[in-house]
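Here the chain labels run A, B, C, D and E in written order, and each chain numbers its own residues starting at 1.
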C-alpha cells in the first residue's frame, strides 16, 4: 500500500457559492404546489360523488354533486344560505372563543398546581363523553331558550378537546425548555404564555382544529334541538327544514356549505398559522 | 485576600449512600396519593350537585345526586341499565376499533407520501365538521337500519380526531429520531410502528382519549335517531325512553352511568397506559 | 469574606418508578465572590445535577444550598444557567430574539437596550451573520455559542455553565475562553463552571473542585492561577497533578 | 485500491423559507477501505452536514457520493451513524434495548445474539450498571457512550461518528478512544469521524481532512500514524502543523 | 312472471302510545300469521326510531318497508314521490288524537291573545304537525295570508322538555302544543287549553299514520296484504281488549306509567284507535295554500292505498 500524498488547497472565493439547482420538469413544478394537488383531490372527490350518486339514482336520498351545487347556488341567490351560514358562524365563534378561554384557564390551573391537574383530568373524563342532550336541562335553567344555550353546548364541545390537547402538549414540553423558562424568573401566566404555549404549539393547534370541527358538528346538530326560535336559525336549521320538506339537494347544499367553510378555514387560516409558526420554527416537518 | 488552602479528602464507602428522606406528615402522605385527591374532587362535585339540585328544587328539571344514585341503583336492579350499557359498549368498541384502524391507515399513508398527506388534510378538513346527520343517508344506503349504521357514525366521530392527533404527533417527531430509525434501515410499516408511533405516543394517547369521548357522545346521540332495531337498545335509547316517560332521575342515572364509565376508563386504562409508557420513558412529566 | 454560594453536605437523588439514583453524596464547597469555580469529574458523577441544584431545579434530600445567605428554593435570573443540552434555545425565537428575551424578561431590560446588548454578545460569539436564524438552522456548536452569548449577556451574580465549550472546535473554544476571561476582568462576576477538559479547568478556573466517580463526592479542591503553575511540593504541573488524582485508580486498568 | 467512499464535488445546501444556506462547497475526498478518516474544521463549517449526506439523509445539490461504487441515495444500516445530538437514543427503550434494537433491526441479528453483543459493548463503555435505565435517566456523557456502544456493536462497513467523545471527561474519553482503536485492530472497519480536538484527530485518524470555515471547503488532507509524527520538511509536530493551518488567518486576530 | 316476493319486511315505530297498534302486531306476530294465511313465510324486523329524519331516509333508501309518523310527513312524502316509482302512500291511520295548545299565561284566552312576550313550544318550528296546526289556527284567527303570524313566537322543544319548562314556571315558554300523555299532566295542573286540532281541522282528526312505497306494495302484494290485515286486526283487538292492550304497552315500552294512567288514555272518548284517515285533506289543502306542496291530492284516497278506500275517510 503506497502512502497517499498529502495536499493543501486554495479556497474558492465567497462569491462563487451560487445556488445550484437541478432543473425540474414543468409537471413536477406544478405538482409541487400544494394547492394544485389538493384541487386535484377535490376534483376527484366531486367526480366520485357525481358518479356514485348517478349510480344510486335516488335524488331523495343522495343527490348528485351537480344537483347539490345547483341547490347551493340557488340557496345563495334566494334561500339566504349565506345569511344562515353567517348566523351560524357568529354563534360558533362566540362559543369557540369562550371554550378556548375556559380551556386556557383550566390548563393554566392544571399546569401550575397538582390539584388543578387532578381537577382537569377528572372533569375531562367525566364530562367529555356526555352528549349535548345531557346539558339541556342545565342549559335551560341557566340560559333559557336561545343563543345562550347554544353557546353553552358549543363551549362543551370545544372545551374538553382543546384542554386535553393543550394539557398533554404542556406536559410534553422538554425539561430543558422548562428549566430555561424558570431560569428567566418566569412563573404563572408569563411562564405559560411565553414558554409553554409556544413550546406546545403543535399540540395546541391540533386541539384548535379538532375543537373547531366539533363545534360545527355540535352547532348543526344542536340547532335542531335547542331553542331555535323561528325568526333566526342558522345553517343547521336550514338543513333540518329542508330535510323535513324533503328538498334533499338543499340539505346537501347546506352540508356542502359546511364543507366549503371547513376547507377555507383549514387552508386559509390553519395552514397559514402552521407555516408561520411550527413549520418556521422547525417544530414540525 | 488570603489564599484558601487546598485539600484532598477520603471518600465515603459505597454502603454509606442510604436513602435520606425528609419525613412527611400523615396528611401529606395521604394527599400524595392521586386517587385520594381525585376522590376528594368527586365528593365535592357530588356535594355541589346535591346542594344545587336541592336549591333548584325541581325534580323534573334537575334531580338531586341522591335521587340519581337511587335511580341508578334501581336501574341496575330492575331496569337492566347494565345490559343497556353493555350493549352500548359493545357497539362502541367496534366503532372505536374500526375508527382507529382506518385512522392508522390514513396516517400511515399521510406520513409516507406527500399525496397521502394532502389527502388526509383535505378529507379531515372536509368531513370532520360534518355532523352525524349528514352521514345518515349514506349510512342507510350502505348499511341499512341497525348496528352497521351506528358503527359507521361512530367511526366518523373517532377517525378524524385520532388521525389529526396522530398525524400531528408524527410530524413533531424529532429529526434525530427519524434519522436514527432510517439508519436502522427501517421503512414503511416498520418505521411507523417502531419509531413514529412510540415517539408520537403522547399525541396519539390524547387522540385516543378524545376519540373515546366523542364516540360516547355520538353513540348516545345516534341511538336516539337510529333507535333500536330488534333487541334491547343501548344507553342512549334508555335515556330517550326515560325522558319521554318523564322519569328524569332515570335519565340522569343513564348519564351518570356514562360518567362512571368515563372515570373508570380514564383512571384504569388510560392512566395505566400513560404510567407504563410516556411517563416511564420520560416523555411527559 | 463570607461565601457567596455555600453548598453544605448536599446529597442529591433521582427517584424514578423502579430506581433510586444517588447522584451526589454529601458534597460541600464554598464559592466566594468573583470566584471562577470549576467542577471537574468523570462522566455521570453528578456535575450537572449539582449545577441544577444550585440553579434551584432540584431540592437536596440532605444538606443545604445557600446563596448570599438565603437558601436556594427556586430558579431565578440571578443564577443564569448555560445548559449542557443542545435544545436549550427557544425554537420559536431567532438567535437575536433568544438573547433579547432573556434580557427583557430575566434582567427586565428595555427592548432597545436589550437589542443592543444582544447584538454585542452575538458578535462576540461570532454569529452576527446568523442573528436572524432560528435555532433549528444552526449547527451544534453554533447553538452552544448562542447559549453562551445569552448567559454572558445576562451578566448575572453567578453564572452556571455546564460544559459550554464541549461542542466547539479548538479555535472557537480558545476564543470563547478568552472572551469569558475578558468579561470576568471587566465585571468580576462569579462563575460556576463544569468541564471535562483538565487544561480548560486550569485555564479558566481560579479554584477547582474534583469529584469522584458516581456518586459524586468531593475528592479535592485546588487553586489555579490560569498558568498551569508548578506545585512547589511535588514539582508537578497542575494539569498533571489533577490528571494523577482523577486517573489514580484507573491507571493500571488502562495499561492492562 | 479503489475508494470505498468517494465524495466528489459535493455542494450541500439548506433551503428554508427565507434563507438559503450553503453548508459545504464542492468538497471532494476519498475514503479507502479501513481508513480512519477524520473531518476537522471550525464550528458551523458543515462537518455534520457532510456526514449526513454520506449517511444518505441529504442529497447534494451538486456532485456525487458513491459508496462501493453505488451512489448513496438513502440511509441504511451499512453506514451506522453516531449523531452529535443527545436525543439520538430511543426514549422508549432502555440502554440495553437501544443497542439490541439496532442490532436486531439494523443488522438482522437474533435476539439472543443481539443481547449478548449489546451487553458486551455496554460493558466496554462502562454502563453495565445502567443497562436497564431509560435514556432520560442518564447524564449527557452517558447518553453519548450508549450511542457509541450502539454504533460499535453494529460493526458496519463504515461507521460515521459526529463528535462522539465531545461530552466525555478526559479519562473516559481516552478509554473510548482506546476502545475504538482496539476494535479497529480487531475488525479493520472503516470510520469517518468528526472531531473538534486536534490531538484526538491525530490520535484516532489515519487520514485527516481539514475544512475551511463556513461554507466548508477542503483545505488540506494529511496523513497521521497516531503518534503525532514530526514533519520532516518543517520539523513541526503534526498537531502543531494542523493548528497553524486552521488558525492561520486568525492568529493575529486572537492576539489583538 | 311475478317476481318472487321478499321474505323479510322491516317496519318502524316511534316512541309512544300512538304506536300501540304496531306494538300489538309485533308482540302477537300478526303479520307473520296473516302472511302464513296468504301462503308466504315472512320474517318481520321491527325498529324503533327516535325521529322522522331517520324514518324518511331509511324508507327512501330501501332500508325500511313500513314507516310511521304524522300526517304532514306523509303528505310531504306523497307530494315529493308521487311522480316516481316510489310513490309513497298511507297504509292506514293509527289513531285520532287530540293535540292541544296549552298555556300558562292567564291573559291568553285564544290564539289572538299571544304577544311577543309569549313563547310557544312545538316539537320543531315550522315543520312539525304542531307547528302546522298553529299556522292553521293563525290563518283562521288573522286571515289566510297571516298564517305565519305566530311563527316568531314558536320554539323547538321536544315534548318532555317543553312540559317540564311549562310546569316549572321558569318562564322559558308560556305555551306548549302538547299531545297525550303530556297534555293530560299539563291540564291536570290547571293550565288552560286555547286551541285544539279537532277544532282547527273541523272534527276528529288523524294524528299518526303508517305508510309505505308503491314500489314495495306493488312488488309484494301478499306481504302488503298481510301487513294491512295485521294492522286492521291489531286495531280491532285494541278496541276490544283495552285492559290487555294497556298491559301489553306497559310491557313492550318498559314504562313505569301505571295501568290506570294508560287505561285513562285508552278510555278517553276523544281518542280513537281507528284505521280511518280523518281530516287529512284539510291539512293537505292548507299545505298547498302555503306552498309547502305544489299540488294537493285530488282526494284523501290519493294519499292512501286501496285497502282503506272503503272506510269513511276524509
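Observations on the model:
The rule is short, and it goes like this: a contact is a pair of C-beta atoms (placed from the backbone, for glycine too) under 8 Å apart; a residue touches a chain by one contact, two chains touch by 3 or more.
Fair warning: this is a prediction, and the values are worked out from it, not measured in the lab.
Under the contact definition stated at the top, the chains bordering both chain D and chain E are A, B.
Comparing the contact residues of chain A and chain B by number shows a mostly shared set, over half of all numbers used being common to the two copies.
Two chain pairs are in question, B-E and A-D; the one with more C-beta pairs in contact is B-E. Once the centre of each chain is set as its mean CA position, chain B and chain D turn out to be 45 Å apart. Averaged C-alpha coordinates put the centre of chain C at 26 Å from the centre of chain D. Chain centres here are Cα means. That of chain A falls 19 Å from that of chain B.
Of all residues in chain C, those that touch two or more other chains are 85, 87, 137. Taken residue by residue, chain E touches two or more other chains at 53, 57, 61, 158, 164, 170, whereas all remaining positions touch fewer. Residue positions of chain A touching 2 or more other chains: 58, 61-62, 137, 140-141, 224, 280, 283.
Annotation, chain-chain contacts: A-B, A-C, A-D, A-E, B-C, B-D, B-E, C-D (touch as defined at the top). Of all the residues in chain B, the ones that touch chain C in their complex are 1, 3-4, 6-9, 11-12, 16-17, 19-22, 275, 279-280. Those residues of chain A that touch chain C in the shared complex are 174, 176-177, 179-180, 182-186, 190, 194-195, 198-199, 201, 277, 280-283. Chain C makes touch with chain B in their complex at residues 1, 11, 13, 17, 20, 22, 25-26, 32, 61-62, 207, 212, 215, 217-223, 245. Interface residues of chain D, counted against chain B in their complex, comprise 52, 55-57, 74-77, 79-81, 83, 85, 87-88, 90-92, 101-102, 105-106, 134-137. Listing the residues of chain C that touch chain D in their complex gives 14, 16, 19, 21, 40-44, 46, 48-49, 84-87, 133, 137-142, 145, 163, 166-175, 178, 196-198, 243, 246-247, 250, 254.
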